[in-house]
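Only one structure is covered here, and it is reproduced in the block below.
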Amino acid sequence: MSIWKYANPLKFMGWTGPIVVPMAVLATVCILTGIIWGFFFTPDDYRMGSSVKIIYIHVPSAMMAINAWAMMLVASLIWLVRRHHVSALAAKAAAPIGVVMTLIALITGAIWGQPMWGTWWAWDPRLTSFLILLLFYIGYMAMWQAIENPDTAADLTSVLCLVGSVFAILSRYAVNFWNQGLHQGASLSLDAEENVADVFWFPLVLTIVGFVLLFIALVLIRTRTEIRARRLFSLNARERMNDA
Amino acid sequence: MPELGKYAAEVLAAYGATFLLLAGLVWATWARSIRVRRALEQALEQRDNG
Amino acid sequence: MIGLLMRDLRLAVRAGGGFGLGLAFFLIVTVLVPFGVGPDTGLLARIAPGILWIGALLACLLSLDRIFQLDFEDGSLDLLATAPVPLEGVVAIKALAHWLTTGLPLTLAAPVLGVLLNLPGPGFIWLLVSLAIGTPALSIIGAFGAALTVGLKRGGLLMSLLVLPLYVPSLIFGTEAARRGAEGLAGGAPLMFAAGITLGSLAILPFAAAAALRINLR
Amino acid sequence: MNAALKVIDLAVQRGSVPVLSGVSFALQAGQALVLRGPNGSGKTTLLRTIAGLQPPLAGEVRCAEDAIAYAGHADGIKSMLSVAENLTFWASIYGTGSIDTALVTFDLRALMNRRAQNLSAGQKRRLGLARLLVAGRAIWVLDEPTVSLDSASVKTFGDAVRGHLANGGSAIIATHTDLGLEADVLDVAQFRATRIGAKDIFDEAFG
Amino acid sequence: MIGLLMRDLRLAVRAGGGFGLGLAFFLIVTVLVPFGVGPDTGLLARIAPGILWIGALLACLLSLDRIFQLDFEDGSLDLLATAPVPLEGVVAIKALAHWLTTGLPLTLAAPVLGVLLNLPGPGFIWLLVSLAIGTPALSIIGAFGAALTVGLKRGGLLMSLLVLPLYVPSLIFGTEAARRGAEGLAGGAPLMFAAGITLGSLAILPFAAAAALRINLR
Amino acid sequence: MNAALKVIDLAVQRGSVPVLSGVSFALQAGQALVLRGPNGSGKTTLLRTIAGLQPPLAGEVRCAEDAIAYAGHADGIKSMLSVAENLTFWASIYGTGSIDTALVTFDLRALMNRRAQNLSAGQKRRLGLARLLVAGRAIWVLDEPTVSLDSASVKTFGDAVRGHLANGGSAIIATHTDLGLEADVLDVAQFRATRIGAKDIFDEAFG
């Protein structure tokens, strides 16, 4: 028996059932602790003042926006190669979560930009590539919407996801080339010099973990829903078949 | 409530928007989950009875 | 395969003039811009390379949905899929036909329209070269988008939505080259990137598009 | 003698609903098979699966590579091209020679230079059928080929099929009308897919 | 006639989301412009009202060819022409449905997209009002263009060509109002002209379009 | 008795070529007329002219205002709408009442909520014909109505026409198949337009 057996829809429903709720609870706890810690018990930054508190939602959501797409890419590949339905449906389930994460990163960034850079929006590479990512998400979801037959939709969206990923990375480089930008560098790196101060670091890591757990919990719930919807589709189709 | 200084509006707006979006996402996930589960149960019942 | 290319070219010419109309659309977009942004020549000169590239891109985009849609509707695509030609080849040929009837005339016309937007002197040759190198990518990416959406009613708009983000890298490198050229700088580096994207797309996308077509036909 | 086309325990689906299952038959060279069945019984779906346009749900279709010429409800005719141009195009795709025999057989000489746009419904259909002769394939898979044909044209078509069979070709034809062919008849209604035992419910849904 | 309106709206929503897609196209055009002309915010602010208007116009234009084309292809238009409803009314209803699914959402979205182009503060309200007043003219003029080209294969591109010049007056007055607004001036006068064009088109074009349809059907 | 439809010395054209000329007949209430003629003889052109979709070249079509329901080669079905939605739409356009009779007559009850996209060729055709009942018009003008119908559906259609005639309606039907109707037959081949004496070429060209 390989690990693929867990991708059987019935098995999947079985083993995910018990872990959904604990996962959701754990996610809530992590996010709440991280946010409360960050919001109430960390000092202001000497340069950014209290606006630094936005970091606790901005950075986790930005990371999850990218990670959600990465997960969709892997799931699409699995569907195309091994044709496990759960995999295709998980990709479908992740997209709306990714969109919301992208939107949160964009909106909190835009709000943050007003005091820091004096503008809501600038065509900075990081910001721009997020906008492009948003477009990819919208296109991907529109594609799922537009096709009635679920298997056809799974196939076509998977192909789109693969090609889209290549072009998303290309755009990232293109945008960098185009404009050097205002945005922060990577400050979570181990390189001490660019690192954010420890006081910000701990609550931030906690919210990041919380967002990851939240993502997993939501993907599980949504995938389970999609599996049921898929089954419902088959039943209805069969029903209509028998009527005819 | 900590002292937010001159950035109070920005910080609160950011948290508020995030909260709204996350709440919307969770609600949508929840509602659809329940709706689909009901519909499926109904369909199964209909199939087994009819 | 030559037969297919000839047929597609002939249809493009017969069906109300593939060349003429793509060009005319490009012309009109270019003409609308001064109405929209006002007649200040300095301003127009600065935005000229970008607007010309965007105009070419949109003119290209508008003609995409017919790459496969008509053949799908009248059943030709079913027949082509069962004919002894590889579907990848069909995609490549159709993209080529699209480029010959759209990208190529647009490229040749762009410098002429540059005059309308006060494009600075050195910009002309760079614009021409960047379009010549960039538009083939627009056609093959477009063919991929068209293949993805071929079965859908009103797939045209969905296709635009899918295709435009894919166009971004080509657009950025293409306009960057043209803009640097217009400002008298060297645009060699972005041009190389644009060429890389075109070659990469030509190598990979026919396969992706053929796969999408097969899925849509079943 | 070896069968030109062999269908083994085939199940076909449309819109992920099984339509027919357990279809088995063999078609010899020189033989024609007529599919019958009421509207919506699954003839079109079966023919598309045999032609390789959609994957079977189960079972197998065995035939030589590139042996099938398919003609469906839509004719694949370009209305902006002339009759001769349409046929020449398909001749070049199939790499076969001249289109003259096809034009003569389906009585299209006079319409040769007319745009397909300006043909009547039946004339268009004749053009669609003429493509079969140009394709030079051994197995014809035809979905309601005689729709909108008048009786003379139906006879012409019957003769064309008979000629094809005499040359060692074979044909499988779905139709509601009488073609006047000496052919075996297969009623697809008998293969109607029934619900599979609902043991593993999710597997069933994803079958 | 209500039945026709409801059917068209339903089809627009079913066919992959009429609203969503028109909007998305508008969004993408707006996003592409900075890629074309470069990230300089001052420059973007100056061209913002014009670009937003042109974007809305193109988004509108792209969805036009389906006003009558699909109904023509599947024979519905023949049947509507022989049904007991005046063809003028059919045209008016179809233009209304088009506006509800395209012009209206575009108008509402324009201010949001203004942020991306750094549209100056006072410009927002003027942009909104000028679009609200101008876009109905785009829909009815578009319906006329669509009626003229309905029978033609690949009429889409020809239609763009015919319709774009007709859009010029609306575009000029609309952007003028929005631009004056963005610069903090009063844009009332051009707005009046735009309103005049809209009303005039609404009064006359349904008749012209119905005549064109009758000719194309025979 | 007054004729429901009277065609007087009608000449019809297609692509500015005269196709038929001198067509005259009268259709009484309760009467059906079947048009026959080989492919390309001009049946479609004649019917479109009678339905008012194209102007006659000469002569006259006399009938009451808004009395004709036309059904041509294309069905006017929206593939994204369900069967019931398609019919309801036409009912609202013709200002008639319910669609139930139409659904029952053409055996579409079971398919009512199916998208038209997912119908088979024959089921689509039945939907197209059901529109006639919803239109509530006195004169049916039908162009090859039974294409792709199976024999049971052809019978259903024949019954529907008979019912329509019994209610005082009338019908004119172009077809190549036998509908099993007691109807007069008109062969349009006899009206084939001959070239008018090419005396004044320019007048002829601008006829």
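In this document, chain identifiers A, B, C, D, E and F correspond to the written order of the chains, with residue numbering beginning at 1 in each.
One rule holds in what follows: contacts are C-beta pairs under 8 Å (C-beta built on N, C-alpha and C of every residue); 3 or more make two chains touch, one makes a residue touch a chain.
Remember, it's a predicted structure, so these values are computed and weren't measured experimentally.
Enquirer: What is the shortest path, in steps, from chain B to chain D when you may only step between chains that touch?
Expert: 2
Enquirer: Quickly list, by label, the chains bordering both chain A and chain C.
Expert: Common neighbours, chain A/chain C: D, E.
Enquirer: Supply the minimal count of touching-chain steps required to go from chain D to chain F.
Expert: 1
Enquirer: Taking mean CA positions as centres, which chain lies farthest from chain A?
Expert: Following the centroid criterion, the farthest chain would be F.
Enquirer: Report back the single chain whose CA centre is most distant from the CA centre of chain D.
Expert: That would be chain B.
Enquirer: Could you state the distance in Å from the CA-based centre of chain A to that of chain F?
Expert: Distance between chain centres, rounded to whole Å: 57 Å.
Enquirer: Measuring from the mean C-alpha position of chain A to the mean C-alpha position of chain B, what distance in angstrom results?
Expert: Between these chains, centre-to-centre, one finds 15 Å.
Enquirer: Quick one: report the Å distance separating chain D from chain E, using the average Cα coordinate of each chain.
Expert: So the centre of chain D lies 45 Å away from the centre of chain E.
Enquirer: Using CA atom averages as chain centres, what separation in Å is found between chain C and chain D?
Expert: Chain centres of chain C and chain D, defined by C-alpha means, are spaced 37 Å apart.
Enquirer: What residues in chain F touch two or more of the other chains?
Expert: Only 73, 79-80, 123 qualify.
Enquirer: Of all the residues in chain B, which ones touch at least 2 other chains?
Expert: If we look for residues of chain B contacting two or more partner chains, we find none.
Enquirer: Touching at least two other chains at once: which residues of chain A meet that condition?
Expert: 132, 135, 138-139, 142, 146, 148, 178, 231, 235, 240, 244
Enquirer: Using the touch rule from the top, collect the residues of chain D that touch chain F in their complex.
Expert: Answer in residue numbers: 14-15, 37-41, 44, 73, 118-123, 125-126, 144, 147-153, 176-177.
Enquirer: Using the touch definition from the top, list the residues of chain D that touch chain A in their complex.
Expert: 15-19, 40, 193, 195, 200-207
Enquirer: Which of the residues in chain D come into contact with chain C in the complex?
Expert: Residues in contact with chain C: 48, 51-55, 66, 68-81, 85, 88-95, 131, 135.
Enquirer: Touching chain A in the complex: which residues of chain C?
Expert: It comes out as residues 144, 148-149, 151-152, 155, 158, 161-162, 164-166, 168-169, 172-173, 176, 190, 193, 197, 204-205, 208, 211-212, 215-216, 218.
Enquirer: Would you mind writing out the residues of chain E in touch with chain C in their complex?
Expert: By the definition above, chain E touches chain C via 15-16, 18, 21-22, 24-25, 28-29, 32-33, 35-38, 43, 46-47, 49-51, 53-54, 57-58, 62-63, 66, 70, 73, 152-158, 160-161, 164-165, 167-168, 171-172, 175, 179.
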